[in-house]
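In the two complexes below, chain A is the common chain; its partner is chain B in one and chain C in the other.
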Partner chain A sequence: MSEPVTALGGVASDAGIAAIAEAPLQGMITLRGDLSASAVKKAAKAASGVDLPGAGMAHMDGESGLCWMSPDELLVLCPYAEAAERLERLQTALAKTHALAVNVSDARASFTVSGPRAREVMGKLCPVDLAPDRFTPGIFRRTRMAQVPAAFWMDDTERFRIVCFRSQAQYVFDLLTVAAQPGSEVFCY
Partner chain B sequence: MLILTCPVCGVTAEETEFHGGGEAHLTRHGPGSSDDDFEDYLFMRENPRGVHFERWRHVYGCGKWFHAARCTTTLEVFGTYPAQTTEPPKDLQKTISKKRPGWTWRDLA
Partner chain C sequence: MSTRLATGGRLLNKGKPLQFTFNGKRLRGFEGDTLASALLANDQVLVGRSFKYHRPRGIVASGAEEPNGLVNLGEDGTFEPNQRVTTTELFEGLSAESQNHWPSLEFDVGAINTKLSRFLPAGFYYKMFIHPRPLWKHVYEPFIRQSAGLGRAPKVPDADTYEHFHFFCDVMVIGGGVAGLQAAKAAAVTGAKVLLVEQTAQWGGRAPVDGGTVDGKPVDNFVDEMIADLEAMPNVTLRKRLMGAGVYDHGYVLGYEQLRDHAPESSGPRHRLWRVRAGHVVTAAGAIERPLSFAGNDIPGVMLASAMRDYVVNYGVSAGDRTVVVTNNDDAYLTAFALENAGLRVPVILDARVLATDSPAMAEAKALGIRVMMGHGIAKVQGGKRVTGVGICSQAGEGAVLEEVACDAVAMSGGWSPVVHLWSHCGGKLVWDEAQAHFRPDVDKAPTGAAGEAFVSPAGAAAGDLRLAAVLGSADQAGKAAAEAVGFKHTRAKAPVGETPEEAPMMPVWLMPQGAGAALRSKAWLDYQNDVKVSDVQLAAQEGFESVEHAKRYTTLGMATDQGKLSNINGLATLAGALGSNIPDVGTTTFRPPYTPISMGAIAGEARGAVFQPIRRTPMHDWHDANGAEWEPVGQWRRPYAYVREGESTHDAVMRETKNARENLGLLDASTLGKLIVKGPDAGRFLDMLYTNMMSTLKPGKCRYGLMCSENGFLIDDGVVARIDADTFLCHTTTGGAERIHQHMEEWLQTEWWDWKVWVANVTEQYAQVAVVGPNARKALEKLGGMDVSKEALGFMEWADGELAGFKVRVYRISFSGELSYEIAVDAGQGQAFWDALMVVGHDLGVMPYGTEALHILRAEKGFIMIGDETDGTVIPQDLGLDWAISKKKDDYLGKRAQARTHMTDPERWKLVGLETLSGAVLPDGAYAVGEGVNANGQRTVIGRVTSSYHSPNLGKGIAMGLVLHGPDRMGEVLEFPGTEGATFKARIVDPVFYDKHGEKANV
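This part shows the complex of A and B:
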């Protein structure tokens, strides 16, 4: 069997105003269905080990978590090696429910941006209010990052986790390194 | 620049996170309709100076369609409302009447 690798081989850059790194492989399962249905809620909780987040929020527990993508879509995060097994359990649990679960781990790339200026780097690229009192850990936001779609949340007040499409990984990494280039502080947050 | 609030996911963002979908509340005339109705449906659009109703999609966010009422001269957004309706909500129409007395748009006033 082939060995799974990340899109950019774990590339990192900390020469600029924030440290940017490609995150290790992350298990991701897209779950679509009626999020108010008890079968879907129960299955999502069982697959991720965390409670269902409210609209626009994410619940994280280490490598596992649940992200609210839209009124009928959740992103289930789990350790990469467990994705197939968790997907199977999800599909078994939802066999009699109108729902869809797909393993999308290899369709995505993820990055971390960390440091006291991480908000500025993200603020340069996304049309999102990132003021410290408006965007806090726990919030999950799907948005536009320059020219491509991306989603992100904060692990703590100085660290962003970004998820984008794998085919756009190089573009996103380049964007982040340019936005974080030395001397480009804005001091707006 | 327009600042829109998606009524589906509640996110407020500027227009580049969304995608315009043209005029709202069109009545579809398909096969079997008269040539005049079909022509109106395909080609005839409002181009108002002032109050306008449009369809928008939260393309970089939740991906859902919704409606927006806005002013084409000032870019003021009067409100957004769900896609599953054939006319703007009455309270939104009242809000617009307060801000733009005497407004008209197709059959609405």
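This part shows the complex of A and C:
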């Protein structure tokens, strides 16, 4: 057994118009099921400590939370070290329900983009309306980032959390640093 | 001569002189100049040579419509051809070169073409070079290619960076003239989110030059006030140097922002492509003045009247001391007034119209002492590289020169055409306006959105409302309508009132004089950049090219980089005249985006260099890289092809790795293989439908190899399925198949079997997976310790969860090499550590990592097929002798019905066999086996092809697999495979399993 590592070893860059950093390991569980079923709702709440979010939304509480991925999929967030135990709890709670829960903590990489220009950096890569009155903390978006799939939400009004596939971590980090290159402010938000 | 005036130049900062070079000559300008105004200020009237006849050409316009002033700009990494001098802002150190000249701009050899122009009419190339046929490829085409194109192609990579930006708004207003400003304001006061863009560096458009008053105040005050108002509104985004390039379906608009073209020393991207989603679009792009078609209208010094007054008023530049104005409307008189105000001389205004009474403009001209000749025009401009004078004629006549007037510039105006491009991009229709002789948007036939609603509104001159009062009225209306269309309530605020002097109606003039003979018509240019004359369009009509689209392609009218901004209307009016039909019946050619050319860099955005394409890396990627990996792209993944050691060739490395895996211990990074979890009460039933063989009978703890076909019966993927528990399966896919097969599963579940209880999740990247292969594989795992991996505890095609050296692992006893082999999955975050642990324990066991080429050879030695080698989308499992993997017991599976069709059961289908060359050499991959005779096309009959071919170090010879007609029935026969360069290979048909036919090595 050895200490698990992130895809890029916690790389960071603040040379550009927003600060970019690979986030530490984050526990993530994919839960697929009928989101209107009370067993699913109860189990998801028990595993994350937060209420079920509506479509396109996320509920966060520190390292834990629930993100709405699709009408039949949630992303359960939890501390990395607790993922196995929470998965087991979920599976036990859903033993008699038709649902699928799997640990995907290691399948992903996470990044933060922060600063007053963070919205602009994201807007260069994602076809999403990021105006301050349109994209606010609480909203969760699955989209694409240039040529790869990604999902993100905001911790506060100037900080994005991005989740992408682990194999594409280097590409996403490089993309963000290119999009945040010095002198590339858009000055539109 | 053209020169800088002592006074004037509202856009100049005379406190900041700038140096620049043109064809190596050092010249001076001021901050605020365009390259065009700076060149004119330095008497550089001649700026380029035309495309076909190499005629000397000067600046005609002052904006995006300029056809002649194209230069090679910059050097090396910032070099760019075909840059318009009129839209290039001057900066310190700018370096420009004129184009399409040899050996020099002043003396050009190609200008001989103009002497030959009688022999180079429209369609010349089509007529001349088509016969004899072979000469086209070897003589004509190379010659034409060499002389084609205006600018040079860049030779070194672009040193700049580019980016995209996504933006959303309720209303996007394109054009920052008074119309755009008023439309933006009218929309913004409703609360709508407004984006207002202007392609130049200044707000206000033509209004500050053309004058007039708004609510009693000078129009430039109005512009300043509007900008201040809009800047104060939080719901308005204003961008200069951002051109609305194209309008597309669903309110999608591309904007082209030039960030550093005017300030190359600053940092950041050069261009930004705005990808805007707008609820409603207002096009306020203004109008473009039309040239008049008279002989010599292309001689440097002949300019659009509006451009000439722009240069005087905006830049304090005169195009000449004595300017003849020639017009068919009142607007051009403004140029005469501007020139007189600047102390320059206008010897005569030639007005093609004959009016009963003088218009206010005429009266004013006369009051200023300017001679006005009604009913007159230009017969011929005199001069070569610059204007020296004009011959005056009667417009109604055939061009007899009544009088010659010396001058060094000519200002022409043939009326105004609204910029309808953006309106038309997405299907907006046009209507012919008789009074103003132009096409303007037909507001009843606007581009429509998903619900059939109009999503574009024209405003101001772009709508055909040319006069200030009408401009403000229509813009106010367009802005209000746009806001209302996206759900905002507009106020009753009144539009500001614009006032300009009365004007007399214009008169359409498509040829000057109207009866001009052949000699004059063949010197009257329509399209300056592509050298198309009135006579060319008339010839096209005469030869039967009646459709405007055909005439365009035959003559190349409007096909240059300016896309006919000046020539379009004049050209089709000429065509209509030649055909004897009405202009609206002839119609226009299609307007396509972008409005003016945009850089390739802007289109590519950030996608270059390291982020040109995503590259997917496994958790052990860096280790491979540090250990000699040569990479093979597999989809977006990079996999090590081989680990090449110092002093070793790639081939040597592959041979070493392949042998070692059979003799000692090999490690393969198999993390890229797809892993899909399929769970639910109907999971077994679902997999029975997806795979050709039976999966529902698989016991938990066991593995089974399976084939997947499309509904057309063709093989699309293969892999090992492991049953995790009663409800759960883990399906391995090929490296390139994970996303595709995941999607395939979801598609069937969502569209066809939506009532089946199955969930699917792609967990490919959760795990690093390592294949531990070879006779020492078990020893290596036993040295790691932690779980029983003996033959008894973990048999072939079984899996188990456990621990190895403290790592939580799932071990699959499966083999794609034919050796004793374990594939071990560990959490990706520990993949590298696990790999390291294997390298340590493998040290004494002869461990070597191996790459994809060794993997291929190992599987080919065993006769295992590879998706993408043995299959190509046309191959069914039966072709590959995989009948054993097709369940006979199942009622159905995807592809079953298709595989029963006669073509699929045809015994003539080529089937998989092994191939061994008689010489031991390696067959060329993809080579065809030839049979007797020829086919219907006279080609040699082919009876098979090689699908995989390698040198096997374990067998010491070339081995191959191939699909061969009646192959399995022809064991032992020798086939002939022609190679390249005259070589021919002879190969014997053999069993595809070359090595360890009974599978004893894996089963230990």
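Here is the rule we go by: the second predicted complex is superposed on the first by the 189 of 189 C-alpha atoms of A that agree within 3 Å, B and C clash if a C-alpha of one lies under 4 Å from a C-alpha of the other, contacts with A are read in each partner's own complex, and residues count from 1 in each chain.
By our rule, a residue touches a chain if its C-beta (ideal position, glycine included) is under 8 Å from a C-beta of that chain, and two chains touch if they have at least 3 such contacts.
As the structure is a computational prediction, the values presented were derived from the model and not from experiment.
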Touching partner for A:Ser70 - first (chain B), second (chain C), both, neither: first
Contacts of A:Val102 with chain B and chain C, given as first, second, both or neither: second
Which of chain B and chain C A:Ser167 touches, first, second, both or neither: second
Touching partner for A:Gly56 - first (chain B), second (chain C), both, neither: first
Broader residue contact with chain A after superposition on the shared chain, chain B or chain C: C
Partner chain(s) touched by A:Val128 [first = chain B, second = chain C, both, neither]: both
Partner chain(s) touched by A:Arg144 [first = chain B, second = chain C, both, neither]: first
Those residues of chain A which chain B touches in one complex and chain C touches in the other: 127-128
Residue ranges of chain A touching chain C (in the complex, touch as defined): 1-7, 25, 30, 32-33, 72, 98-100, 102-108, 120, 123-131, 134, 146-148, 165-171, 174-175, 178-179, 181-186, 188
Chain B-facing residues of chain A, complex: 55-56, 69-71, 73, 127-128, 141-144, 149
Contacting residues of chain B [partner chain A, same complex]: 8-11, 13-14, 16-17, 60-64
Complex interface listing, chain C residues touching chain A: 161, 163-168, 193, 237, 239, 266-269, 272, 275, 277, 605-607, 610-611, 613-619, 637, 677, 679-681, 757, 759-761, 763-767, 805-808, 827-830, 832-833
